[in-house]
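For reference, chains read A, B, C, D and E in written order, and residue numbers begin at 1 within each chain.
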Amino acid sequence: MLSPTIIASLVFVYGFIALTAYLSLTESRMMPNFEFAGFGQYERLFDLERWWVAAANLGIFGGLFILFCLAIGLSMAILLDQRIRHEGALRAIYLYPMALSFIVTGAAWKWILNPGLGLEKMMHDWGFTNFTFDWLVDPDMAIYTVVIAGVWQSSGFVMALFLAGLRGVDDSIIKAAMVDGASLPTIYRRIVIPSLRPVFFSVLLVLSHIAIKSFDLVMALTAGGPGTSSDVPAIFMYQFSFTRGQLGLGAASAMMMLATVLAVLVPLMYLETKGARHGR
Amino acid sequence: MASLSIRNVRKVYPNGADILKGIDLDIEDGQFLILVGGSGCGKSTLLNMIAGLETVTEGEIRIGERVVNHVPPKERDIAMVFQSYALYPTMTVRENISFGLGIRKVPKAEQEQIVNRVAETLQMTHLLDRKPAMLSGGQRQRVAMGRAIARDPALFLFDEPLSNLDAKLRVEMRAEIKLLHQRLGATIVYVTHDQIEAMTLGDRIAVMRDGVVQQFGSPQEIYDNPANLYVAGFIGSPSMNFLRGRLVAEHGLSFALEHGDRTTLLPIPDATPALRQWLGKEVILGIRPEHVTDADSARRASTDAAYHPTEVDCRVEITEPTGPDTLVFSWFNGTRMTCRTHPRANAQPGGNVKLAFDLSKAVFFDPQSELRIG
Amino acid sequence: MASLSIRNVRKVYPNGADILKGIDLDIEDGQFLILVGGSGCGKSTLLNMIAGLETVTEGEIRIGERVVNHVPPKERDIAMVFQSYALYPTMTVRENISFGLGIRKVPKAEQEQIVNRVAETLQMTHLLDRKPAMLSGGQRQRVAMGRAIARDPALFLFDEPLSNLDAKLRVEMRAEIKLLHQRLGATIVYVTHDQIEAMTLGDRIAVMRDGVVQQFGSPQEIYDNPANLYVAGFIGSPSMNFLRGRLVAEHGLSFALEHGDRTTLLPIPDATPALRQWLGKEVILGIRPEHVTDADSARRASTDAAYHPTEVDCRVEITEPTGPDTLVFSWFNGTRMTCRTHPRANAQPGGNVKLAFDLSKAVFFDPQSELRIG
Amino acid sequence: MAADLHLEGGRVTPGRIFIYTLLVLVALYYLAPLYVMLTTSVKTLDQIREGNLLDFPLSPTTAAWAKAWSTACTGVRCEGLAPYFWNSVQMVIPAVLISSLIGSLNGYVLAHWRFPGHNVVFTALMVGCFIPFQVVILPMARLLGMADLANTTTGLVLVHIIYGIAFTTLFFRNYYVTVPDELVNAARIDGAGFFTIYRRIIFPLSLPIFMVCFIWQFTQIWNDFLFGVVFGGADAQPVTVALNNLVNTSTGVTEYNVNMAAAIIAALPTLAIYLVAGKYFVRGLTAGAVKG
Amino acid sequence: APQVEVLHYWTSGGEARSAAELKKIMESKGVAWKDFAVAGGAGENAATALKARVMAGSPPTAAQIKGPSIQEWGQEGVLANIDQAAVEGKWDASVPAVVTNVMKYKGHYVAVPVNVHRVNWLWVNPAVLAKAGAKAPTSFAEFFDAADKIKKAGLVALAHGGQPWQDATLFESVVLGTGGAEFYKKALVQLDQASLTSPTMIKSFETLARMKTYIDKDAAGRDWNLATAMVINGKAGMQFMGDWAKGEFTAAGKVPGKDFLCVAAPGTDKAFTFNIDSLAMFKVKDPEQQKAQLTLANAVLSPAFQETFNLNKGSIPVRTGVPRDKFDSCAQKSMDDMAATSKTGALVPSLAHGMAVNTAKAGAIQDVIARFMNSNMTPQAAAQALAKAAKTM
């Protein structure tokens, strides 16, 4: 028995993916046009420098975002796990950015990171005139400001996931390691963290989901700028599909995004299911 | 190897639960101490305190000559086997065993040698490269054991290490542990709530109840001369039978059992002077199933030609042929009795059987204090 | 109540695993069938198929007169007790017990009556308003049982219902189940991998291995006359001892055991004609621990004045005083033997003991086919 | 983990001081933007132009809040965020409830009524989580148009449900696999059918994971902009669209204090949910949602 | 009841007030107004919403669409013929042909113009210039001279916001100033390959490159009104921006001609880059709504609305016959220049505001300009890239 809602959501996902795949093979401009036209859109896409900038940015952003979220989330979880007083309050503080929409996050950080308004100006006002922090307006560094804001927003959630994972680790394993003579850092490094493997999987899933779909955040923070230096595929696709009347090209870029997802996700799922079978 | 001494140890958990109420236990170097007792009586708590995994509220724990109250676990030189195995799930069997060695900076080559030796002892050389998830319960148990014996600690702690095994494997592992103890001459503290394990493994048994040691002695001592009703009922499987009656002066001294208007007399041979003091008073008689047997076997087995056990006709409720013996559950004067008969006695549910009560092995308790008399 | 008949039942899981390879079992109305076998042999699979929780790949299952292969579980009129109790955690004990009744639209008043009756039977009236989380293991077990007996099904299925209990409670629950069976006259299929449960509870036992029934018969039959080496080794605790040797024509017929340059002869009383055929050939001798006992006890216990068991001196490795008996593990001609001696034999590890082999109860196996001879 | 790694208990050691310092510093990093938003929202425009980001408001005023809530223009209408806020509420409540409920049923099916290929379906759903929402806009619009649901709250709710199911199913499935099969089997033998088992056995067990799911879905749906703007039409626009209209001035003076107040107002419900239900979140996650 | 649903992105203060005026007029004529405002990114979100509405088969009555996009929507066959309103309102007589041409698809009116913005303005703070000892520039030479002086005075010479459309606004004024209206049309409207790679274009890029050096480093991502604010409060001297910037000045209480000056971008005083807002009318089925649609079209072009709307927005009326006395000096100059240039042919569509070429091409060109502004690209390479971008379909 297969629930109709599962079928429905599969149809609404895969049906629309199929449709997009087809549109990427047409010359659709403003509105869909169903005349088959071959792979021209892909050729055009690969010829566009902006696409490669966007793709590279996704690599940089995705990689660093996931890395920092993991590192910060895990460290915070471990620290919070040390029988901390007021843990509840701290946890709420780390978690609340998750509640904000990316639009709000982007607006707040845009202001803080703006050299003329925020942090840099503040430091100058305080007398540290040599202080510069102008990544937001530096075409080479702008994408890293997206990382900062993204990490700020999502690392608390990652912390919650890891904390939940840590709370689920079997007590007696840790006791066994203590009796075996391991120190606290060794226990975490050799025993606890390796057993969080399924949590890592869930976290990776959620984070890569956020990274690949990151649209609002970049839009609100840098709008892809300066120039197109912090462009990401989601913005690229949105603009070409809807503002620039190049729906076919947008569809082609969407297909490339999906291909990337599959390329990352399928090996991950395979490793995880295999690991689940033999590892635990 | 080292002796272990526990002096007036108390444990109050932070939430105020007063779990251990002054425990005193002493064992010598190389002895095998068993902690038994009902669920929640504080066995694991005591073990964890010895291991350094719980703080000591009051009192003193000594391993060898050293007071270890404030020594962290890793410096106590102990090895522990946990009830739930507590194998490191992400490591192979080999890594599980060598983890503690690596941390103690044992050279690689030596580690390997030790792992191989341990694996051979426990017959699991072929399992060394598997992860715990790929092992059966018994195999996991052996790995947990291997992890402990790979090191050469002053003290081994076992927390119900066999409770998750099926009966067959349990018997095998029991023998293995016993052998280990003999071979290594190790000092061992072993928690269990299985009386058979308690009886067969230990040099010394401490029977605990609600954070208090009820009796501390050798297995045979505890089996034959339980200090009180609780210990008597707890040790031995099936449990000892208890009968409430009065001591009367017939056939020397007899135990008189009244049921409705009938009275059954069970003469007591070799009554101690302490027991004689209770003449006329109510006492509780404790008698083990193997001392209530079919009359025929009793006669054959009797060593003392002079003494003839009392024989009584009882109604059989259920029989349990276990193979070598048949357990018979029957009603005797309003009390359910468990008896151990020879299969050839052929008791049938619903039928009757003539049971012989061998009171030379019986014990008596004060119904008020529940302490043993004599 | 209903009979159960399983005809050539096979189970192949969707992943291609061929788990049951043609099972044939028949029990009559009111019989108690035990399924035993090692872990993974397919016991739960078979039980689930009877319950309708797994499809039947091939063959036929009949409950009473009805073929139930395609009948959904709720229409099979069965009750099942799961190994892990499977109590509904959000419901009270009362609701747990009445859940199945409610679904079957039993009127409220009647439900209440049934719940009360069941609770009384299982002595848990005071627990009715608790949730499962507030119960001890044994109490949960009783609730699971209560849920099953509240209904009046054609068939009870038990999947290792006692495996999570400690030894003491297990003995009690065993008696409870036996009593239940006698009182209700219910047809029961009971899975276990505990041979003691198998021996003590069942009318009929099916010993399974790798999806094949090895032997199907009464407990005594299986204990005394195991069909093959596997059954012989599996049933009985501690396990039967196996010795490999040759049949020679001395003292009538004897089993000759060679070890190094020594030969020990064990004369066989009442050898069957089938066994005589094997004269001069190699066979495997199976003898249970209770038939290898200290010489003194053996003499006392012997019923047959004419037959004198062979006595042999053996070195004691470990002893396990279980109370009524002492198990002795010793080396005999290169094989480890388990023997059951009387405590007074007082065997000591490292010392020697004179063991008597009672070959009248021994069985012999073909070393190739592993089938019993005779 | 619950193991007591710190037998020293509450004693103050250099290590613990270090940990607390670190935790507090990080907390400040997390709080900084909120501080900036809050203080800015109660400053006057002049102080914002002249002053420093971290300055404390000189003469705090709630004027900006009042304006953002009830008089700011978001187009021709100058009724502030209030009407859109209620649009969002009307949208988010049914969408969260229904998508969670469906996710719960699906998770139950995937975890306990395994049909051939259930793993494939599950994987497909996971991949489905990754579909960029931009690609579904046009086809979805066409379908909603055909169903006569375009530009209605109902249509918007529907879209959120459809694209929420993948994640809710994931959460519930991972939770329900920790519920033993035997519980379901016991109920089947007791005579219960598919829905009875769900209603009487599974559903009562699901509170922790429902909390996780509610929080996640509420955040996602409340904060969504894209679906809101394209499927909301003129009448059903959620608060995020209004916020965007307010903040994204193409001409005219930017009133930062009003913008910040509006941003906080738009985020209030989710913030409240995290503060109130945050502890259930971690608890629910611990109960099984993250076990892959 | 008759009603119009209007999708637009006039959401901020002045604009919204102007749109509210239209709403009032409609309501006075018994037509309900359903407001569908979607702000953000120069109408990006509005375009998306519009497409979804068209896809769903329920387009709004009117939507804010401009320039060549009207033709693209016309090709999709979803726009309504509103010739009837044009006849009633005598549009052909009162609206310049340059404008009406854009509003027609295949010879029929499908859209109604709302206003005209002049884009090639340079906004100057005279106080800053005076302090630096410079005067308002009329040529690039003067511009750079003034800029140098301002820079020396420690202020920002050119206030700018580094967003692609602002970059393009700057660029188109530079091209217009460098090559004149004819070249502008050839290069940026007809996208003539030769012109795009010509020395004139390279020179334009060189000029642009030089301008970059007068922009402060924080310009990236800055909203245009913040740049204007810099001019207003004397932190910067000049800004290239369309006439909507005037609203910022007046809102700050500044008076044109005294506190700030509006001069044509250097070298462009004989030319006029226009940006026309318009409402395209979508096909609706209900006859009552069709009537409402026509009412809306005429209301937009009514002198009364034209006056209030443009006064508010800083732009100028799109039709003749609107009293000009309430308009300020900048607007009046704008009106004069528009009348003059429409005769000389120097009235050219703005590239940066989607009036010159279709959205795909405009987008591609904008990308090139943005890249040039934010990297060390050489003018030659930029011209080549521009030519390539112009080939986008």
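Definition applied: a residue touches a chain if its C-beta (ideal position, glycine included) is under 8 Å from a C-beta of that chain, and two chains touch if they have at least 3 such contacts.
Note that the coordinates shown come from a computational prediction; the quantities given were computed from them, not determined experimentally.
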| item | value |
| --- | --- |
| Set of chains whose contacts include both subunit E and subunit C | D |
| Pair joined by the larger number of C-beta contacts - A-D, D-E | A-D |
| Greatest separation from subunit B - chain, by CA centre | E |
| Centroid distance [mean C-alpha coordinates] between subunit E and subunit B, Å | 93 |
| Subunit A and subunit C: spacing of chain centres that average the CA atoms, whole Å | 57 |
| Multi-chain contact sites of subunit B, meaning residues that touch two or more partners | 52-53, 72 |
| For subunit A, residues that touch 2 or more chains besides their own | 31, 170, 172, 175, 178, 197, 238, 242 |
| For subunit E, residues contacting two or more additional chains | 41, 48, 51, 55 |
| Subunit D residues touching subunit A - in the complex, by the definition given at the top | 1-6, 10, 16, 19-20, 22-23, 26-27, 29-34, 36-37, 52-54, 102, 105-106, 109-110, 113, 115, 119, 121, 123-140, 162-163, 165-166, 169, 174, 194, 219, 222-226, 240, 243-244, 247, 256, 259, 263, 266-267, 270-271, 273-275, 278-279, 281-282, 285-286, 289-292 |
| Contact set on subunit E toward subunit A in their complex | 41, 43-44, 47-48, 51, 54-55, 69, 72-73, 75-76, 162-164, 167, 216-222, 358-360, 362-363, 367, 370-371, 373-375 |
| Of subunit A, residues touching subunit E in the complex | 29-31, 49-50, 110, 114-116, 134, 136-139, 142, 219, 222-223, 225-229, 238-240, 242-246 |
| Contacting residues of subunit B [partner subunit A, same complex] | 48, 51-53, 72-75, 78-80, 82-91, 99-100, 103-104, 131, 133-134, 147, 151, 157 |
| Residues of subunit B touching subunit C in the complex | 39, 136-137, 163, 166-168, 171, 174-175, 178-179, 182, 193-196, 199-201, 219-220, 223, 234-239, 288-290, 297, 300-301, 303, 317-318, 320-325, 327, 329, 340, 344, 349 |
